[in-house]
Amino acid sequence: MEVKLQVENEILDKIKHTFHSAEVSIPRKQRVEVKLRNDLIHPFLAYLKDTLGFKHLSHISTVDWLEEKEIELVYIVMNYDNLVEVIAKIRLDREKPEIPTLREFWPQVETYEREIHEMYGVNFLGHGNLTDFILEDWEGIPPMRRDFDTVKYAKETYFNRPGREDAQDVRTTITKKSGEEIPELAKVYSVRHLE
Amino acid sequence: MREKETTIYLGPQHPGITGNMMVKLKVTGDTIVRAETHVGYLHRAFEKLMEARTWLQCFPIVCRICVPEPDPNEENLSRVIEEIEGREVPERAKYIRVLVLELSRLATYLLWMGGQSGSMGLYTMPQWTVGDRDYILDLFEQLTGGRVYHMYIWPGGVRRDLPEGFGDKVLKVMDYLEKRLKDYDDLLFNNALFYKRAKGVGVIDKNKAQEWGVVGAPLRGCGIKHDVRIDEPYEVYDKLNFIVPTYEGGDVWARAMVRRQEFEQSISIVRQVIENMPGGDFYNKIPNPLNWRVPPGDAYVKTESARGEFGYYAVSDGSLKPRRVHARGPAYVHGVSLLERILQGANIADVSFIMNSLGTCPPEIER
Amino acid sequence: MISVPVILSVMFLGGVLAWLANRFVPKGASWTAAIIAAFAGYLVFALPSCGGEYSLALGSITLVWKSTNYSALFAMLVAVLGFLGILYSMDFMAGKKNLGYYYMNFLFALGAMLGIVYSQDLVSLFFFWEVMTWSSFMLVIYSGEEKSHKAGIKYFAYSAIGAYLILSAIVILYAQSNSFLLSENIKMFSGMSLGTQIMVISFLALGFGVKSAMMPLHVWAPEAYKESPSGFTAVFSGALSKMGIFGLGLVIFKFAANTEIFGYVRETLAWLGGLTAMLATFYAVIQSDAKKLLAYSSIGQLGYIIVGLALGTPLGIMAALFLTIMHGAFKAMLFMTAGAVYMRTGTTSLNDVSGLITKMPLTFLTALFGIISVSGIPPLGGFISKWMLYQALLETNHYFLIIVIFIASTAAFLYLYRFIFSFFLGQKEKEVEHVKEVPWSMLVPMMFLTLFVLFAGLFPGVILDPIGKAMGYLGNFKASWEPQVVFSAWGEKINMQVIAGTIGTIFILGALFIGYKNKKATRVVSTKDIHTAGEIPTENENLTYAVNFNQPFERAIAPILKWSVDKLFNLLGENLESTFEYLRYVYTGNGQTYAMYVILMVVILILFSGSIFGIHL
Amino acid sequence: MDSSTWIKILGYIITPITAFVVGVTYGGIVRVITARVQNRFGPPITQNFWDIIKLYSKKTAVHHGLMQHWGPIFAITASVTSLFFIPVLKDSPLWLNNSFNGDIIFLLYMMVFGSLGMALGAGQTGNPNSAIGVARGLALMVGYEVPFVLALVAIMIQFKTTSIAELMAVQDGFSNWLIFQSPFAFIAAILAFLGMMHYAPFDVTFAPAEIASGPASEFGGKYLALMQTSGSIFTFAKLVLFTDIFLGGAGDLVTLIVKTFLLYMIPVLTGIVNPRYRTEQAITFFWKWPTVFGIIAILIVVL
Amino acid sequence: MEVSYDKESRKIVQAIERFARKHSLWVLAYGTGCGAIEVPPTMTSRYDAERFGIRGAATPRQADVLLITGYLSVKTLKRVIRTYEQMQDPKYVIGFGSCTINGGMYWDSYNTIKLLDMYIPVDVYINGCMPRPEAVISGFIELQKVIAEGKAEGARKYKENLDWYRANQQKIIHNWNMPDYNW
C-alpha cells in the first residue's frame, strides 16, 4: 500500500531549509527523524515549538553507546495539528556529558532531566534542581550506564536466599528436591544454556 | 530555621495515596502552598534489567511496569519490536490484541471508579467496582492464564488462540457491566455530592494543557480531542466504530465524565471486536526464540492506555538483548510535574481526589 | 473607720508613692504597689457592703461617695483582680523601664474604678471615668512603640467619644433635674419627657458600651488589649471593661426601668449583645495573635453579659453578674497565661510557639481550666452562668437570640482550642528548649484564679450571695439558690455537686484504669515520633499545624464576615486615626501633657454642650 | 443505706455496661449491613468486641504526653456522664440515674466535653493530621449544633421545660410523640444528628484518605480501645437522647433497642451511599435547609 | 505484667486475648510493591477478607499486620522499617509474593532487597507472583494459626536481635537518620 507522506515531507523540507547540518529522514508515516549537532538542539526545539507548532513533548530518552563513548539523547515532540512526531537525536561525549536545560520550553522537562542526570550522569546546565529523584543516597557510577554491573552490585549488597547465590535455575533445585526430570524443552529454554 | 508552612506527608504509607509514592505538602491552614512529588519507592531498575535479558524475556518485566493495566505495555513492546523488525501481524491477532486492550481498559476504569470514590469517602463504590472487575480478570485468566500479569501479547501476534466459547463469555460480562453501569450512575455519577466535590477542583488550564504534556482523559476533559487510537491508529482501531468523548472544564468532574463515556465506548468496541473476529492464524511465529536477533534500529510507538498515551522507545543493536527500552507512561507527567502544579492552592481534602482523577500510577513513573 | 475616701486616697496616694519608690529603690515600685493593692483590697472587703458614705459639697455641686451592694460586688472584683494583676506584674515587668510610671497608672486605674463604683453623683462618676480612661490609656501606650501609639490613639478616640456622650447625658440630666446626685436623677427620670429619656438612655448606653466594647463600638479593644502589658490586660479585660457593664446595669435598671421604653431598651441591648457575642466570636476564630484572640473573646463574653442584663429577669441578671465575676476570673487567667508565654518566648503569635506543655505545666493547667471555663463546659464556673443565661433566654421567649448565643458559644471552642493547642500542645520544637516555668509571683495569681473557677463551679451559691444582694439594689429581683444548687424560673434546678461528683469519679476511675493497664509497657515518646507516613522529617520542617488553624470554618463564615460591620468600622477607625494623627505631634513623652489635653478637651466639650442646651455651670 | 440508694448504685453499674454492649453490637450490625449493601458477607456481629478486646490486649502503648494519656479518659468521662444524665427508660428508678430537670442544656455542653478532651489529646501528639482533624471536627460541630439547638429550643418552648423526663412524660401515647407533634423540629434535629454521628457525608473529621483518620491517628492499643469503648457508649447515649426526646422514650429495654436501632439506621444508611463533603460544604449544608426547618419549627410554636 | 492471679484464670485470659488477636487483624494501608493491586480484590466484595476480621488501618499505631506487598526497594525499606517500628506489639509481618522470599524476578536488580527476613522479622510468607486473593487469604489464615499457637513473636524477636537487624539494615541504607527504636 502506497503511503502518502505529504505532511512529513513538508516538515522535512522546512527543517532542512532552516538547519542545514541536520540529517533528516522519514522512517515511516507520522515520524520524522532528525540527527543534529549538539549545540543545535536548543534552537531546533525552539523552532519546532514556536514556529512549526510542535507543542507536545512526548518523551526524552537516553541511550548509552558505551563502545562509541557517546551518550545519545532522544527528544520526541509532537504536533497536535498534523499529528507528526519529530524524533531529534543528539550525541554527547560520554566522559563529560553536558547540555543546557530545556526547562523554559516545557515545565515537565524538569522531571526528565532529573532522571537522566541521576541515571546517566548527564549534566543539564542551568537546571537548578538536579537533586535525587528516584534513587536515594546513591553512591558510585550512575546505574543506567552500561558499565555498571547490576548483578555484581546486587550480589555484593544484598543477602541472597541460600540456593540462589549462584544464580542457578530454580527449576534444578525443584527437580532435585522432588526427584523429577526437567523436560527437554525446558532445558532448552534455560538461561544458562544460552551463554 | 523552622519553616512557616506546615509539612504534611501524604504517603508513602497513607490510605489516600495511589500506590507507593509521596506527596509532600506545605500548607497554611488547609490550603496547599506547595506540593512536591517524591517518587522512587518502587524503582526496580526495569530498564536496566531489560538490557540484561533477551527480547522475549523482557515481556514478564514490562507488564509489571504499570500494575493496574499491564496490557498496553506488552502491546507497546510487541509493536516496537515489530516495527524495528518489520514483522507482519496476522489480522486475527490484531483483533485479539484490541480485545485484550479494551478489556484491560474496562478493568482499569472499574478500579479507577473505586479509587475516585474511595478517595472521597464513598466506600460502597470500590466494593462494587473492584468486585465486578474480577469478572474481567476471570476472562483474562481463562484467556492468558494470569489474573493480573498476562504476558499474552507477543511480537508477531498473541501467545494463544481464543478458547472455545470465549466470545460468548465476554459478551455476557459486557452485558453485566452495562447493567451495572446504571448502578454506578446512581451511586456516583449522578450523585449531587460527587458533583459538588468534583466541580471546579483540580482544574487544568486548557491553553496550557498540551504544553504541560497532559494526555489521555485529563486532556479530553479540557475539551481537546486527542486519542492515539484515532490520531495514529494501531492494530485495527481504524476499522472499529467508536467516538472519543470530550468535556469542557478541565476539572475532576470533566475527567470523570470523559471516563464514564469511554467506559461505554469500550464496551461497544469489545462487542464489535467479538462480532468481527476473523479466522486464521493468531501468531506469526518468530524463528528461534533463544537465538532471535532483532535487526539494529530504533522506534517509538504509543498506545492509548486507560490513563493516556503510553509510549515506548526501543533501540536494538542487533544483539540478542535490547540496547535500550524506555517506557514513558502518562503518569510520568501527570503524577509529578502536573500534580505539583495543580495542587497549588488546592484544599488538603482534595489531594487524593485529584491524584485519582489524574490516574497517577507510581510504578510507571520510576519503573 | 473605713470609708470610701480612705480607700480612694490609699489607691491614689499609693500610686504616687510607687512612682516615688521607683526613684529610690530598685524593685521598690512593684513591692509598694503590691502592698498598696493588698491593703486597699483588704479595705474594700472590710468596708461594709452598704455604707461608708461620704459627701462633700463644692459650691453648688455635692459629691457623694458611698458603697452599695451593687458597687460592693464590682469593687471586690476590681480589688481582687487589681491585686493579682500587680502581683503578676512584679516578675512579669521586672527589668523593664519606667516601672514607676507603670505602677502609678495601674494604681490610678484601680482607684478610678473604685471611684466609679462608689460614686453616687454624676460629677465624680465622670471625673473618675476620665481618670480611668487616661490612666489605662497610659498603660496601653506603655511600650512606647509605634504600634502601641496607634492602638492608644484609637482607644483614646473611642473613649473620648464615649466620654462625650456620657457628659452630654449628664448635662441633659442636670438641665432637667438641676442636680448631679444619682438618686435625685433616678427619682426624677420617669417624669422627664420621652425625647429626653431616649436621648439620655442612648447616650449613656453608648458611652458605657464603648468601655464594655459593645459592637459596633469595639474597634479599639483588640489593639489596646494586645498592646498593654499582660499584667494590666488581665485587669483591663477582667475589671476595667466591667465598668461599662456597671454603668449599663445602672442605665437599664435605674434609669430605663421606670419609663415606657424599658422594653425597647432591653430588646435593643439584648440583640446588640447577642450580635456582639456572635460576631466577636467569629472574629476571635480568625485571629492569629493570642492577645487579640482573647480580646475578641472578651468582647464576645461581654456581649453575653449585656444580653443577660438586658433580659431583665432575675435569672438573667444573676447570670450576667455571675458571668461578670467569672469572666473577670477566667479572662484574667487566660491573659496571664498569654503573658507568661510572652515572657518566656517573646511572642504572643499563635503561629510561632508550640509544645510548651512540658515546659510550663502549671501555666498549661491554668490555660486548660481557663478554656474549659470560658467554653462553659461543666463542672467549672463558666457552665453555671451559661446554664442560667439559657434558662433566662428560654423563659423570656428569646427564641432566636438563644440561637445566636449558642452559635457564639459553640464557635468559642474553635478559638479556645486554638489558643491552648498552639501554645501548649503540638510539636515541641528546639526553640522552646530553654523555656522554664514562670516564677511564683506569676503562678500564684494564676493558680488562685484556677482554684476560684473550680470552687465557683462546685459552690456557685457562695458567689451568688453577693450577687443576690447586688440584684436587690438594682430592683426587686428575687432568685433562689442553695450553695450547690441553682434554680430556674421554670422550676428547674441544677445540682453542681452531683455533676462534679459524677465527672470526677468517672475521670478518676478512667485515669486509674489507663494508668494501671500495661503500665510497664507504656512509653512516652517525643512529639517528633509521629506518623509521618513512614518518612523522616528534616530539621527545618514544621510539623505543627498552627497557621490559619481554623481555615475550614473561616471558609464557611466568609460570606458572613464579608458583610459584617467590622470592616466598615475598621475603615472608620483608620480615618479616625489619621484625624487624630496630630496627637502624635503633641505627644511629649510624659503623662502630664496628655492629662492636660484631656482636661482641655473635657472643658471644651462641656462648654460646647452647654451652648447647645443653654446651661452654664 | 435504703433500697433506693442500692438501686441507684446498681443503675450506675448496669447503665454503662448495657450501653457498651448495645453500642458495640450495633457497631457490629452496622458493619454487617454495610457489607450486605456492598455485595459482601461481612464480619460476624461480634467482630467489634474482638477488635476492642484485641486493642486492650495490645502489649505495648505509646503516648506523646499527659494530655494524650488523658484524652481518652476525657472522652469516656463525657460519654458515661452524659449517659448518667439521660433517663434511659421511662419511670424506672434503676435506669433514671442522675437525670434532673433542666438537663438538656447540661447535656449539650457535656457532650462537648469529650470532644474537647479528645481534641486536647490529639493536639498533644503533635501530628498535623490530628490537628487538621480537630479543626475540622470543631468547625463541623458549630455547623450541626445550629439546627440541633433550633430544634431543641422549639421543643423546649413548646412544652416550657428543659427536662428530658418531662418531655418523655408529655409524649404519652403513640400519636403524642414529638416526631408527630413537631415534625419540623424532628427533621432539623435528625439532619443535625447525621453530622453528630460522623457518618458520611459528614465524616470529615476522620477522613482516612485525606488526613489518615485525623485525631485518632496517633492513638493505638489501650488508648484506641478506650476511645472505641467511649464511642460505643456515646453512640448509645445519643440514640437514647433522641429516642427520649422525639420517639417518646421507652418503657422497657426491648422497645428502647428497637427504637434506637431504627434511629441509628438513618445515619448509617445515608452514610453507605454518600461521599463526604468538604468541611465548609458540610457547615453550609447545616446552615441551609436544616436551619430553615428549625426556624419553621420555632415559628410554628410561636405563632 | 506479672500479676498474682492464678494460673487457670491467666490461661483463660490468654485464650481470650489470643482469640481476639486472631480474629481482629488490622492491616496497615501500605502498598509497598506491585502486590498492592491484589489487596483491593482481597478486601472487597468478591473475596471479602472482612469475614475473617481483616480490615484496613490508616496508621501504624493502630495496625497489627504489616503486609509487605512485594519487592522492597531500598528507599521503601527505610520507610518500612520506620513504619514497623512505630507499630505496637503484638505486630505481624506477612511477606507477600516471591520477591520478598528470594528476590523473585528481581534477583539481579540493584535497587531491591532479596531477603525480607534479614531486615524485619516475618511471620508468614505467601508465595507467587503475584499471589491470588485466595492465596492471600490462606496466608492470613496461616497467620491466625501462628497467633493461636502463640508463636507470632516477631516484635520480641526484633527487640532481642535488634543489633543484628540494625547491622543488616545499615548495610544498605547509607544515610541512617532514623530515630532510635524506643522499646
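Which chain is which? They are A, B, C, D and E, in the order written, and residues in each are numbered from 1.
One rule holds for everything that comes next: a residue touches a chain if its C-beta (ideal position, glycine included) is under 8 Å from a C-beta of that chain, and two chains touch if they have at least 3 such contacts.
If you're wondering where the values come from, they're calculated on a predicted model, not measured in any experiment.
Chemist: By label order, what chains touch chain D and chain E together?
Modeler: Common contact partners of chain D and chain E, which must touch each of the two, are B, C.
Chemist: Considering only chains that satisfy the touch condition with chain A, which of them also satisfy it with chain B?
Modeler: E
Chemist: Which chain has its C-alpha centre farthest away from the C-alpha centre of chain C?
Modeler: Computed centres place A farthest from chain C.
Chemist: Which pairing of chains accounts for the highest number of C-beta contacts?
Modeler: So the chains sharing the most C-beta contacts are C-D.
Chemist: When you take the mean of every protein CA atom shown, which chain's own CA mean is nearest to it?
Modeler: D
Chemist: Using CA atom averages as chain centres, what separation in Å is found between chain B and chain C?
Modeler: Spacing between the chain centres: roughly 64 Å.
Chemist: If you average the CA atoms of chain C and of chain D, how many Å lie between those two points?
Modeler: 36
Chemist: Approximately how many whole Å separate the CA-defined centres of chain A and chain C?
Modeler: Chain A and chain C have C-alpha centres separated by 72 Å.
Chemist: Roughly how far is chain C from chain E, going centre to centre by Cα mean, in whole Å?
Modeler: Distance between chain centres, rounded to whole Å: 58 Å.
Chemist: Could you list which residues of chain C touch at least two other chains?
Modeler: Those would be 518, 521, 523, 525-526, 528-529, 531, 533-535, 543-546, 549-552.
Chemist: So which stretches of chain B touch two or more other chains?
Modeler: Residues 6-8, 12-15, 30, 40, 43, 45, 48-49, 52, 127-128, 131.
Chemist: Would you please write down the residue numbers of chain E that are in contact with two or more other chains?
Modeler: In chain E, residues 29-30, 44-45, 58-61, 75, 78-79, 83, 89, 108-112, 182-183 touch at least two other chains, as defined above.
Chemist: For this structure, give each pair of chains that are touching.
Modeler: A-B, A-E, B-C, B-D, B-E, C-D, C-E, D-E
Chemist: Tell me, which parts of chain E touch chain C in their complex?
Modeler: Those residues of chain E that touch chain C are 1, 30, 59-61, 78-80, 82-83, 86, 89, 177-179, 182-183.
Chemist: In the complex, go through chain B and note every residue touching chain A.
Modeler: Listed in rising order, the residues of chain B that touch chain A are 39-40, 43, 45, 47-49, 51-52, 54, 57, 83, 210-213, 224, 226, 231-232, 289-290, 298-300, 302, 309, 311, 313, 315, 320, 323-324, 326, 328, 332-333, 336-338, 341, 366.
Chemist: Sort out for me which residues of chain E touch chain A in the complex.
Modeler: It is residues 74-75, 78, 101-103, 107-115, 118, 168, 171-175 of chain E that touch chain A.
Chemist: Using the touch rule from the top, collect the residues of chain B that touch chain C in their complex.
Modeler: 1-14, 17, 22, 24, 27-31
Chemist: Applying the document's contact rule, which stretches of chain D touch chain C when the two form their complex?
Modeler: 56, 58-67, 69-70, 72-74, 76-77, 80-81, 84-85, 98, 100-102, 105-106, 109-110, 112-113, 115-116, 119-120, 123-129, 131-132, 134-136, 138-139, 141-143, 145-146, 149-150, 153-154, 156-157, 160-163, 204, 212, 217-218, 221-223, 226, 278-280, 283-284, 287, 295, 298, 301-302
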